[in-house]
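Quick heads-up: structures coming right below.
Common to both upcoming complexes is chain A, partnered first by chain B, then by chain C.
== the complex of A and B ==
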């Protein structure tokens, strides 16, 4: 239903500004959904989700610009690279049983390592970054109209929503949430916690890489700070936490609320750098302190799920 | 192989940088050891302290070293209030919440600084900024040598506070057994806030030692925060000796690694150590607790 509503939006919304706003909100929602799958359903709080985003973005840009790949092939490769980096990080961290704060720190460090690498090697354009030339054809995955980009990102957001719905209702999802709530008990009942977490991080990182690939196609530019800097990691976790961790619709709702909030702060204080982020930071603190179940938690009488105690 | 004449100054330089890392990490490790939280706002708090030193110098003409008795209590107060009013209220007994709230504080501080002070990188000019000390033929920046001794002095004071005072005894009791400490009448929330305050007071001292040879901008803390985490993890979470040794070690690794790999890649060594230690020896080199 949501998908149908958004899909028809271009027919009713004529202004480029509104379409851009919807597209960017969907983009933020995709990042938040990706983070939510690992943290909300799996209980693993990543502070370096940019490592997957940046890998998707760079795969998309480098393969097109330096190797002359077609954009659709590059997109497939970007998703594969995202999944591979997710599997790599997951294998290392979960194999050695890192949890909680330690997991957050290691993901942050991985993002930093990738940022420095991207900043150093010439084939990523080093510190200057990479420009993806404007082609404006569906064959090059650069739709001629803004509506085309909206469909592009909508496909991935729908996919992430379906995955979240599936996590809510499937056996695998039950395993994942059991591991989140109490890993020892889940393991005692025969759940392979390592494998379940590994699968979750691969799904999450693939979606995050899709976000990176979209970013490159939409804005035609990427550099090490945009790709691997802390900004993207924070954006991903904010949407999920504000909306409601471990819920299907929370990240989407959170992304929408944050977009409106960001625009409102800009309108009130002016377009100075950092202003919207100050508002985001305050919202993050307030939500964690007073509404640990996010906005969704307010809408429901009872909290949707019991979050894991550390 | 590198000549000894290049390697020796590089190691000395690394030691002086490492001393400042150690000072920053001491605050972090104290907070971790007592409250069992990872303070993501540590870098942002260092940035605030650096701006404090900067503006004391610009507005009142205070020498950074003279600012020490102002900055240390000021940062202590900031830390006490933050823990008491913001972090303590948000935890609901969950580590994840504290991670997120300290991250939120970092975002707010960093972007307020960006809004107020713009992204300009600022430095101060002191008579001794460019002075050097000759150590066995190696020329080392004088403010960095001061920082080395300042860091060691601060660490000594910290050890005395933890080892010899009633507050220190309370801190150690809570680090071991928070519930038991509460039962014997220790005001746990107060001691938590004191620990957080002392942790940030270390940053006040670090800022005074750092600024004469360094700079400040809104994101300056980011560079330090991951390094401080590395130091703390390497030395063993909650271990003071570990933080000192870890800091010096990381300083040398960065400096010598930079010789081989260049400035940009030199930093990668730090993060690779960080990841490797977390994976293979999460208790660090010195596994003891406060």
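== the complex of A and C ==
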């Protein structure tokens, strides 16, 4: 239903500004949903999701620019690279039982290492970054209209929503949430926690890489800081936390609220750099303090028990 | 069904379990008793795979399980509960039990149906839709039991399912444990509540300082001098005997 509503949006929304706003919100929702699958459902709080985003973005850019690949093939490769890096990070961290803040720190370190590598090697464009030439054809995955990009990102957002719905109603999802809540108990009930977490990080990293690939196609440019810097990691986790961790619709809602907030602060204070980050910070503090279960948690809060007896 | 031979494990300078052998036959309730710190829970951790033994072997249901990780041991039909109850806090009672049920039931609907039937069996019917954290300690102990039962084990290790319960609650759980045995699941239980051990157990092992000091039928164990001394201190058995002779 949500998909249909968004899919028809271009027919009614004529302004480029509004289409861009919807597209960028969907893009943020994809990042948040990706993070939510690993952290909200799996309890593994990554602080360096940029490592998957950047890998997808660079695979997309490098394969097209340096190797002359077709964009569709590069997209497939970007997803595969994202999955592979996810598996690699998962194998290293989960094999050695890293949890909680240790897992967060190691993922952050991975993102930083990749950022430095991307800054160093010539084939990534080093510090200058890479420009993807404008071609504007569906064959090159550069739709002629803004609506085309909206459909591009919508496909992945719908995929992430379907995965989240499936997590709520499947054995795998039950196992993943059991591992999140108590790994020892889950193992004692026959759940292979290592395997379950590894699968979750691969799904999450693939979706994140899709976000990176989209970013490159939409904005035609990538550099090490945009790809692997902490900004993307924070954007991903903020959307999920603000919306509601471990919920199907929370990340989408959170991404929407943050987008509006970002636009509002920009409108209020002009283009002073960093002010929107200050606003984000304040919102995060307020949300964590007053809405520990995010916006979804607030909407869902049951009436006080006293009323139930009245 | 379960046979542990010469199990030993050492934590630093502490011999937590030394050369312990025990067996549980199909259809039995076997109790493991002993003072605090005797190594009972460590022995459970060895059998269920969360601690690897330094020496010895464990055979279960016709195969060796020594050193296997916990989830594989559970998949072979050996389930356990934890003394410190560890519910999946963010989930309802029903969802908690369904995690165990999923081991043999892939579809969500089948697992939830199984969870409902197990909830009925342990008397958590009315609390199915409550959050696990809203249960009383007695309810949480039942939940531990239910989750383990939902994996459809052949042998169930119960780590103090009665500890912290009041007499009425204990009286409520004892028939459940007996019912589990009667349905064909063997039980190995750690228990401090002697009334329950006497009522339920077919056979009792007594552990002290990591060593087995006695084994036998419950009535025989209750009169064993070694056991009395392990609990009440050196010389107590002789003194008690002298006092009862005088009386």
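The criterion applied here is as follows: the second predicted complex is superposed on the first by the 301 of 310 C-alpha atoms of A that agree within 3 Å, B and C clash if a C-alpha of one lies under 4 Å from a C-alpha of the other, contacts with A are read in each partner's own complex, and residues count from 1 in each chain.
To be clear about the criterion, contacts are C-beta pairs under 8 Å (C-beta built on N, C-alpha and C of every residue); 3 or more make two chains touch, one makes a residue touch a chain.
Quick caveat, the model's predicted, so the values are computed rather than measured.
In this overlay on chain A, chain B fits alongside chain C without clashing.
Legend: residue contacts after superposition of the two complexes on their common chain; A:175 is shown touching chain C, with no touch to chain B. Of the two partner chains, chain B is the only one touched by A:102; chain C is not. In the superposition on chain A, A:188 makes contact with chain C only, not with chain B.
In the superposition on chain A, A:116 contacts chain B only, with no contact to chain C. In the superposition on chain A, A:219 contacts neither chain B nor chain C.
Contacts of A:128 after superposition: neither chain B nor chain C is touched. In the superposition on chain A, the chain among chain B and chain C reaching more residues of chain A is B.
Of the two partner chains, chain B is the only one that A:274 touches; chain C does not reach it.
With the two structures brought together on chain A, the opening angle seen from the C-alpha centre of chain A toward chain B and chain C is 80°, to the nearest 10.
Once the two complexes are overlaid on the shared chain, A:246 sits against chain C while remaining clear of chain B. Taking the two complexes aligned on chain A, the least Cα distance separating chain B from chain C is 13 Å.
Taken together, the two structures place no residue of chain A in contact with chain B in one case and with chain C in the other. Residues 169-171, 174-175, 177-178, 180-182, 184-193, 246 of chain A are the ones touching chain C in the complex.
Across the interface of their complex, chain B is touched by residues 45, 47, 92-93, 96, 98, 100-102, 104-106, 108-110, 112-113, 116-117, 119-120, 230, 234, 237, 241, 272-275, 277-278, 280-282, 284-285, 288-289, 292, 307-310 of chain A.
On the chain C side of its complex with chain A, the touching residues are 48, 50, 69-72, 74-75, 79-80, 82, 86-91, 95, 98-100, 102-103, 105-108, 111, 147-148, 150-151.
Chain contact summary for the complex, chain B toward chain A: residues 37-38, 40, 86, 89-90, 92-97, 99-101, 103-108, 110-115, 118-119, 218, 222, 226, 229-230, 233, 264-265, 267-268, 271-272, 274-275, 278-280, 282.
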